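To keep things simple, chains are lettered A, B, C and D as they appear, and every chain counts its residues starting from 1.
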Amino acid sequence: MPVKIETKDLTVSFGDVDAIKNVSMEIFTNRVTAIIGPSGCGKSTLIKSFNRMNDLVSNVKITGQVLLDGENIYGTNYDVVTLRKKVGMIFQKPNPFPKSIYDNVAYGPRIHGIHKKEILDKIVEENLKKAALWHEVSDRLNSSAMDLSGGQQQRLCIARALAVEPEVILMDEPCSALDPIATAKIEGLIRTLSRDYTIVVVTHNMQQAARVSDYTAFLYLGKLIEYGLTKDVFENPQNDLTEKYLTGKFG
Amino acid sequence: MKEFLIEKFLFASSIFSIIVVTLIFLLLFSQGILGFREISIIDFLFGQTWQPTSLVKAEFGTVPLVYGTAVVTSIAMAISVPVGIAIAVYIAEIANPIEKEILKPIVELLAGVPSVVYGFFALVTLATWIQQLTGTNSRLNALNGGLILAIMVIPTIVSLAEDAISSVPREYREGSMALGASKWETIKNVTVPSAAPGILAAVLLGFGRAVGETMAVLMATGNAAVVNFNILDSVRTMTATIVIETPEVAFGSLHYHALFGVALLLFLITFVFNYMAGVIMRRYGRTGR
Amino acid sequence: MNKKLLKQTIFFQIFRMTSALVILFLFVMIWTFISNGIGVISWTFLTDMPKRGMTEGGIFPAIVGTVYLTLGAIVFALPIGVASAIYLVEYAHEGRLVRIINSAIINLAGVPSIVYGLFGFGIFVVFLNFGTSILSGSLTLFIMILPTIVSASREALLGVPKSFREGSLALGATKWQTIRHMVLPYALPGILTGAILAVARAAGETAPIILTAVFFFRPSLPRSIMDGTMALASHIYYMATQHHAINLVRPLTYGSVLVLLSIVLSLNILAIVIRTRYRRRKNW
Amino acid sequence: MNRLLDTGLERLTAMLLQMGKVAEEAVRISIESFMTGVDVYERVEQLSDTLVRMNVDVEDKAFELIAKYQPVASDLRIIKSYIKISNDLERYGRYAWDISFIHKRLANFEKCEDPLAIIEEMGEKVISMVQVSIEALKTHNSELARKLIETENEVDALYFRHLDHSTEMPMSSRCLITNTLVVRYLERIADHATYIGESIIYIATGEKVVLR
């Protein structure tokens, strides 16, 4: 199985607090990997270290390696901008820009130097289609993204991320602000997208992890407790902590 | 590279404020200190007479000026603190939305009126009212200055105190009301005490503004540098002294340095009050970032 | 229970009266200036030079002087103030330096305007030898309004949700691209509001310019920034207290006050309107 | 911490243990009556019917828990296994009924002496297996469950011995059929006991073992 991202002894600390401790794991190409664990276990920190969004926090310290296609993204010559183009991210709360639907999707390509109207038109349509939003908004591309429903906004954010042609998509609890129907749509989308993209989903919803992912990692207090095929982890977890977490017997 | 240059420019800009504060202090200090080669600090701080231009014997006692500032400021604070807090409470807690929509901008406009305009109003109108009411001889006096200053300080206190009161969490209020307290009891016992640090900061900043206010008191108080302990007598504040005397002073003279000494004193007083307000605000929410 | 409510009603009414009184004061004051000043306001009053020892004619040089001084101040203060705010909000990491910068800004905001005046006098007029000039006055006013601009810009920048920045950065935008496209446009109304208020404040300031930029009377318009000038605020002060025929010029003084007040209050109202509209339109 | 699911699981366990009791009685009395010649057909039929009903109840309860709580890990393994075990217990009842039916229909006239020794030995072992399986179920004891394999092997050996024996010995066809069917039913009961053992090992360890 080809590996897309590999972490080696990754430790992320904020001040004196280690949010991630010596995590080593492999994330496989074109698979959906779910990261689960109790609140504050470091799930978000872990995926934010895959596109170096942790760099935005002032007192962060990162040791170990994160390899993307075998290259250390924390290496001295690695360009963060290129990294973030390759590794897109979807956030917990849908965060469309207060611009039109069209401009939201076109934002990334424009930033990266595409300004031709025809090309942008094509990119917008293509990616709205990929995000299963096109038929809902094709007649009002110029209206504000803020008028969309929460679920539509999140799919717009997915389209926006797809528009810069990423290879990996990180999703940080992408459905936590959505109702069950919108959630189901996003989950379906995640499965569809996994044909072409490597997807890492952080979720506090175990059932969601079970539904959408091929692999599941269980994180507790910054440590990787268990990682394996989702069906194995959910049917027969090897670690007692995982068992307790999954069955809700956590003290 | 471009990113790097931009960051450096932004950094330099933000350093500018530090440089300016330092420069202000250094200038006031260096120029003021020169005066103390000839004037003793004791005489400067405790001298009863301010006669910098006397040909017989120039005296640089700041007591009359400090007294003037103190009297005017005290009158102003005695009025503006209760009134300001009352209005802040009214806006934050009592007023209906329409009253709020009217009151808030008006308070802001009150803050926007230039001090020379207030000064002129005090000079021509307020002074007349006071004279009619009290029959005093000196039209321009400490009470006149204090009253106009009170009006000028009110907006500062209102807007900061209102911020403080409004940022008291809803839950506190709901908790109190849920226990059967009336709105007034809630305001008195829960909301205002919770906002006390912010209100105190507002008062301190108001005080700083009052002490440093120049034009209005200059035009309203009559500017006689004497200590009379009568609020219906004319007084002269530190700020007024600087404005009146600086344009005519001989550069480098003892008088020149003495004026910087007065400014330094003023700077230090306002610095202390602003600093205290800052500490209070930082400690109790409303972070300084 | 009824006693409780009665007490509440009494207090609320006292508070309401107090508030009403302050509103009343503002209106009385404005009415005083309108009723006394409207008579002298005319096109010639606004566009003529003062005549006969300022007992007749207009206040054109004073208006022009105020505009120059204010523009000069904002031209310096806006870029440096906004840049400073951007650095503090977007780049600086919390630490000693930021704390020092912050306390410097807080202290600058609290320095009495007369101290700025004396500072400008000492540095620009005397030390740098700019003399009593528009340049000295503008620079003094610039330093005076800088903290206002920094604080307003900082509030405006902080008001832009973090998610905009994250969203943009996650798409591979650089920091500056993010600031330019996703932060500044949305902070602009707030920055603008702050700038307008700062301009209003600079236009109304008197003490600093008396020490650095203005003359009691200057019969011609300034020709360069090294020239001294007249200005509305100082003109009012001089006419009200220093003129040899105070009573004769009183109507003109009222007129000048009305002009200054209209300019300053219009700017304030403009700022309030911009802010309200922007708050209402804001949909994030 | 008591989870909502726990109450449901306790209820399910109680139902299963109740089934165990009934099934054990059915197996025991059907075998004993075959040996002693007493007719317990009515009683066993009653017990078997009860088990059929209870099996349906257990399945309903299990599905209710799945629908409500979406259990995972050990919870899911327990529920999945309980459905299977309930089925096994139902089979205990069914084969017990088969034995008592054969006994009533064919064997109650006279005894077919010869292979009785084998049947008696098998019967004892099968009853013990049923008891052990239920005991292991009570405590989710995988060690106990593993012991079933030994007895199962012995039962199988006896079964084969009977097959060899019956072809060699001259016997009335009535006896041959009766004994062969009963031996076959006993062998099936032992198989189901083993299945229960497998399920218990799966519950306890997540291991999917085949004990046969």
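In this text, a residue touches a chain if its C-beta (ideal position, glycine included) is under 8 Å from a C-beta of that chain, and two chains touch if they have at least 3 such contacts.
Values in this document were obtained by computation on a predicted structure and should not be read as measured data.
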Chains touching both subunit B and subunit C, listed by label: none
Top of the farthest list for subunit B, CA-centroid basis, is D
May I ask which two chains are joined by the most contacting C-beta pairs? B-C
Using only protein Cα atoms, the chain sitting most centrally is A
From the mean C-alpha coordinate of subunit A to that of subunit B, what's the distance rounded to whole Å? 53
Taking each chain's centre as its mean C-alpha position, how far apart are subunit A and subunit C in Å? 47
Centroid distance [mean C-alpha coordinates] between subunit D and subunit C, Å: 93
Between subunit D and subunit B, distance of the C-alpha-averaged centres to the nearest whole Å: 94
Would you give the residues of subunit A that are in contact with at least 2 other chains, written as numbers and ranges? none
Multi-chain touching residues of subunit C, meaning two or more other chains, are 94, 174
Within subunit B, the set of residues that touch 2 or more other chains is none
Line, ring, star, complete or other: which describes how these chains touch one another? line
So the complete set of touching chain pairs is A-C, A-D, B-C
Where on subunit A does subunit D make contact in their complex? 206-207, 210, 234-237, 242-243, 246-249, 251
Under the touch definition given earlier, write down the residues of subunit C that touch subunit A in their complex. 93-95, 161, 163-174, 177, 181-182, 186, 283-284
Per the touch rule above, subunit B residues touching subunit C in the complex are 2-3, 6-7, 9-11, 13-18, 20-21, 23-24, 27-28, 31, 83, 86-87, 89-91, 94-95, 99, 102-103, 105-110, 112-117, 119-121, 123-125, 151, 154, 182-185, 205, 208-209, 211-215, 218-219, 239, 242-243, 246-247, 251, 259-260, 263, 266-267, 270-271, 273-275, 277-278, 288-289
In the complex, subunit D touches subunit A at residues 1, 3, 5, 70-77, 206
Name, in rising order, each residue of subunit A that touches subunit C in their complex. 51, 53, 56, 58-59, 81-85, 88-89, 91, 93, 95-98, 107-108, 111-112, 144, 146, 157, 160-161, 164
